[in-house]
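In what comes next, chain A is part of two complexes: it sits with chain B in the first one and with chain C in the second one.
Up next, the complex of A and B:
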């Protein structure tokens, strides 16, 4: 099912949680709402599920206006961070519950629930209570319960946050598999950029209630729309050095020429030079010099911290170089993964 | 449940016997033993006394065990002079009436105060809570007037009507309902579950142990209540057991062995209930204690 969000605004008293949010979500896709806490992503999800109604704007499911439709009529499945399973019911009863409310005959109910349990791989524990299951198994049951009534839209609210690191990776792959097998349009809310990058068709990145960028994960990483997007994605985090534009050159605060060129930016504009750790080249012929602080070996790669433009930054270096503390090195940048943002507005110049 | 508690007792016995007996420990056990004896003795004395003859009960030195343990004369007398069967029936009707109605209103009220949003919710709830500070004896006067005005004085309704709701039990149950995560409610709502169905299908089964506590506390309170039945009833047909016992004391003359037989009849049902449900009572009391 295709979802269209038109100029959604949500205000709580005088606090605007979501501001002028417009997006279209294609049928059958898994789209992640990503952002730091307080960015309005959960509010957005609650408006999609009908727990909250927007102050302004419209929500369409295909061509139906569902803006003020109550939750149960929307045909959605909801999965919560704390699983929200009914503790006194068995796994089977939990999965059956949405069908029981819809007055599906008991025989069909159990049949459909069992099929769903097989899909999420909990068919061996149908008679157990949620308390006897691990976190990952509970989340599988919660997904089965959300999917059993064949919703048009599956909403997942931080479903992996209560799991430990290994289970989280396993479960996110499972969610992706289940989503692909059922083909249900899915919206996934998380604050974890790695989770979002690994399972989404598209990511919607939000900040303070405003949509920052809506793109494929790789584009988000390669072509960030602004400074916030570049900062939010990537591990290690992107390096940021302050500078100023002079005649199309980005001059660092320490007076060195960064060798990065921008066009159509007035002289004297204060900027951030941002570059990914993998975009640094060790090039001793380069006139741009930096001082090594420390190196740490991470398996096949060596990550080197060095001081550039008065800031400590990090880059992946060739492990053969054997750099020492306080050694002066020459630096240049690759064509990709290097950006120039406005110091104030975060607007991207390069 | 009983089996479980017995197991834990056995375990603690085992671990105690493995440790060397210290003087402090022996002293502790002696003190505890004396304490238990002091608690149990009146009950023992009442029950054995009920089987003794008039002569034996006044014997000095007293006998610790009745000469004829199958002497049911006193029980027969008690049943003959005072209609304990009717008292028992009345107590049972009052008990069931109070438990059923009070549990029902408590569940609805606790759910409303915990989950439903309506204007003045907090104010109304604090007002109701503040009523808990009004001593029971003060309410009796107004309750009595109401009952008399409604012409229900000296009927079984008079024993049930004032106890059809309880702020205290509502408060306990609301505490439990508050602890249920909101997401359960949202999950059910998204599936199209009504508030009514959610309450009975999800909340109430989850609150089973809280409800058991409430029902037990209510049962004990109703069974033992004395002051109100004494005021609200005055004929034999509607008396309950405790007041019946009191009436027996004045009507039946000073015959200790008969008194004890009557007391035994009154107490035994509650002792049986207690034996079966002590786990709930204890946990309910301590939980109520923490929150209240």
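Up next, the complex of A and C:
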């Protein structure tokens, strides 16, 4: 099912949680709503599920205007952060419950629930109570319960945040597998950029209720729309050094020429030079010099911290060169993963 | 281990002493004494003399038609008041738990019986129950129904005391149930509503089962307190109904001990012990039910861990 959001605004008293949000979500895709806490992503999800109604704007499911339609009529499946499995019902009863409400005959109910249980791999524990399951198993049951009535849209609200790190990776792959097998349009809310990057067809990145960028995960990483997007994505976080534009050159605050060039930016504009750790090249012929702070070996990679433009930054360097503390090295940048943003507005110049 | 000085070792006991002393004097000693008294035949309270030891008092108590009537009245009272008050309280607590207008007004109204003197309120009920000037019978006559002689004999006064009893235990019951309701994660309701569940289905399939442990607790606590029914009789009838038709077990104890001359201490003690045993059985039942409900919810920590390990 295709979803169209038109100029959605949601205000709580004086507080605007979502502001002028427009997006289209293609049928059968898994789209992640990503952003730090308080960015309005859960509010957005609640408006999609019909738990909240927008103050302004329209929501369309295919061609139906569902803006003010109540939840149960929308045909959605919802998975909560803490799963909200009914503790007094067995796994089977939990999965059956949405069908029971729809007055599906008991025999068919159980049949469909068992099929769902197989899909999410909990068929061996149908008679257990949720309290007897591990977090990952509860998660699977919650997904089965959301999917059993064959919703047009599956909504997942931070479904992995209660799991430990290893299980989280396993479950996000499971969610992707289940989504691909059923082909259900899915919206996934998370604050974890790695989770979002690994699972989604598209990511919607939000900040303070405003959509920042809506793109494929890799594109979000390679071509961030603004400084916030660049800061939010990537591990280790992107390096940021302050500077000023002079004649198209980005001059660092310490007076060095960063060798990065921008066009059509007035002289004297304060900027951030942001670059990914993998975009740094150790190049002793380069006139741009930096001082090594330390190197640390992390598995197959060597990450070097060095001081550039008065800031400590990090880069993946050629591991053959053994760098020592306080050693002066030459630095240059690759063509990709290097950006220039306005210091104030975060607008991207390069 | 280093041996601590004597005073250090007995210090905890000193802190506990006031409690131990008062419990011993005012709780343990009377219990033991009552049990002892129940086995002494022909016991004289003042002289301490008795004629024999045995189950004679129990035999007499069971043979006493007054006691049988007291027992049947008490059970009837428990069996009516507890279920009815529980059902009413569950419904009212559920309503009070909703976000409604004038919520605090309703809460105050329902909790009023708790903060007022039961004697004063009982007298007010006595007026309401009155055949001639009472509002209840007035309403019945307006509705074209037969009036009920609430304060007379023939079962009418049993109804009156049952209504008064239900009304008096509602506030405590509602408070306990409300706290149980507030422990239910509202997310369960949201989840059910998103799936299209209506109010009644949510109430019976989610609220009531999740509240079941609290309901069980309330039923048992109320059973224990209604078994001891006694003081409700005084403001309404000034005694155990008309011609003793509302004898209850506690009133029987009081009657044998205080009203009769000469008092039959042994019978009173035996009846008291029988009541103690009944209440004790209920308490045990409560513990068993609570343990069962914890197991039902899979809250048995060891078991949960075992399951998790199996599936790792």
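Just so it is clear, the second predicted complex is superposed on the first by the 350 of 350 C-alpha atoms of A that agree within 3 Å, B and C clash if a C-alpha of one lies under 4 Å from a C-alpha of the other, contacts with A are read in each partner's own complex, and residues count from 1 in each chain.
Just so we're on the same page, a residue touches a chain if its C-beta (ideal position, glycine included) is under 8 Å from a C-beta of that chain, and two chains touch if they have at least 3 such contacts.
Only a predicted model underlies this, so the values are computations on that prediction, with no experimental measurement involved.
S.K.: Return fit or clash for chain B versus chain C, each positioned on chain A through the superposition.
M.R.: Overlaying the two complexes on chain A (C-alpha atoms) leaves chain C and chain B clashing.
S.K.: Once chain A of both complexes is superposed, is A:78 in touch with chain B (first), chain C (second), both, or neither?
M.R.: It touches chain B and chain C both.
S.K.: Of the partners chain B and chain C, which touch A:137 in the superposed model: first, second, both, neither?
M.R.: second
S.K.: Looking at A:310 after the superposition, I want to know if it touches chain B, chain C, both of them or none. Which is it: first, second, both, neither?
M.R.: Neither: A:310 stays clear of chain B and chain C.
S.K.: After superposition on the shared chain, which partner residues are touched by A:128: those of chain B (first), chain C (second), both, or neither?
M.R.: Touch partner of A:128: chain C, not chain B.
S.K.: Applying the touch criterion given at the start, work out whether A:97 contacts chain B, chain C, both or neither, answering first, second, both or neither.
M.R.: Both partners, chain B and chain C.
S.K.: Residue overlap on chain A between the chain B contact set and the chain C contact set?
M.R.: 49-51, 71-73, 76, 78, 80, 82, 84, 86-89, 97-98, 101-102, 149
S.K.: Which of the residues in chain A come into contact with chain C in the complex?
M.R.: 49-51, 71-73, 76, 78, 80, 82, 84, 86-89, 97-98, 100-102, 128-134, 137, 149
S.K.: Quick one: in the complex, what on chain B touches chain A?
M.R.: Going by the criterion above, the answer is residues 181, 183-184, 186-193, 197, 201-202, 205-206, 208.
S.K.: Give every residue of chain A touching chain B within the complex, in rising order.
M.R.: The touching residues are 49-51, 71-74, 76-78, 80-82, 84, 86-89, 97-98, 101-102, 145, 149.
S.K.: Taking the complex as given, what residues does chain C use to touch chain A?
M.R.: 185, 187-188, 190-197, 201, 205-206, 209-210, 212, 296-299, 303-304, 307-308, 311-312
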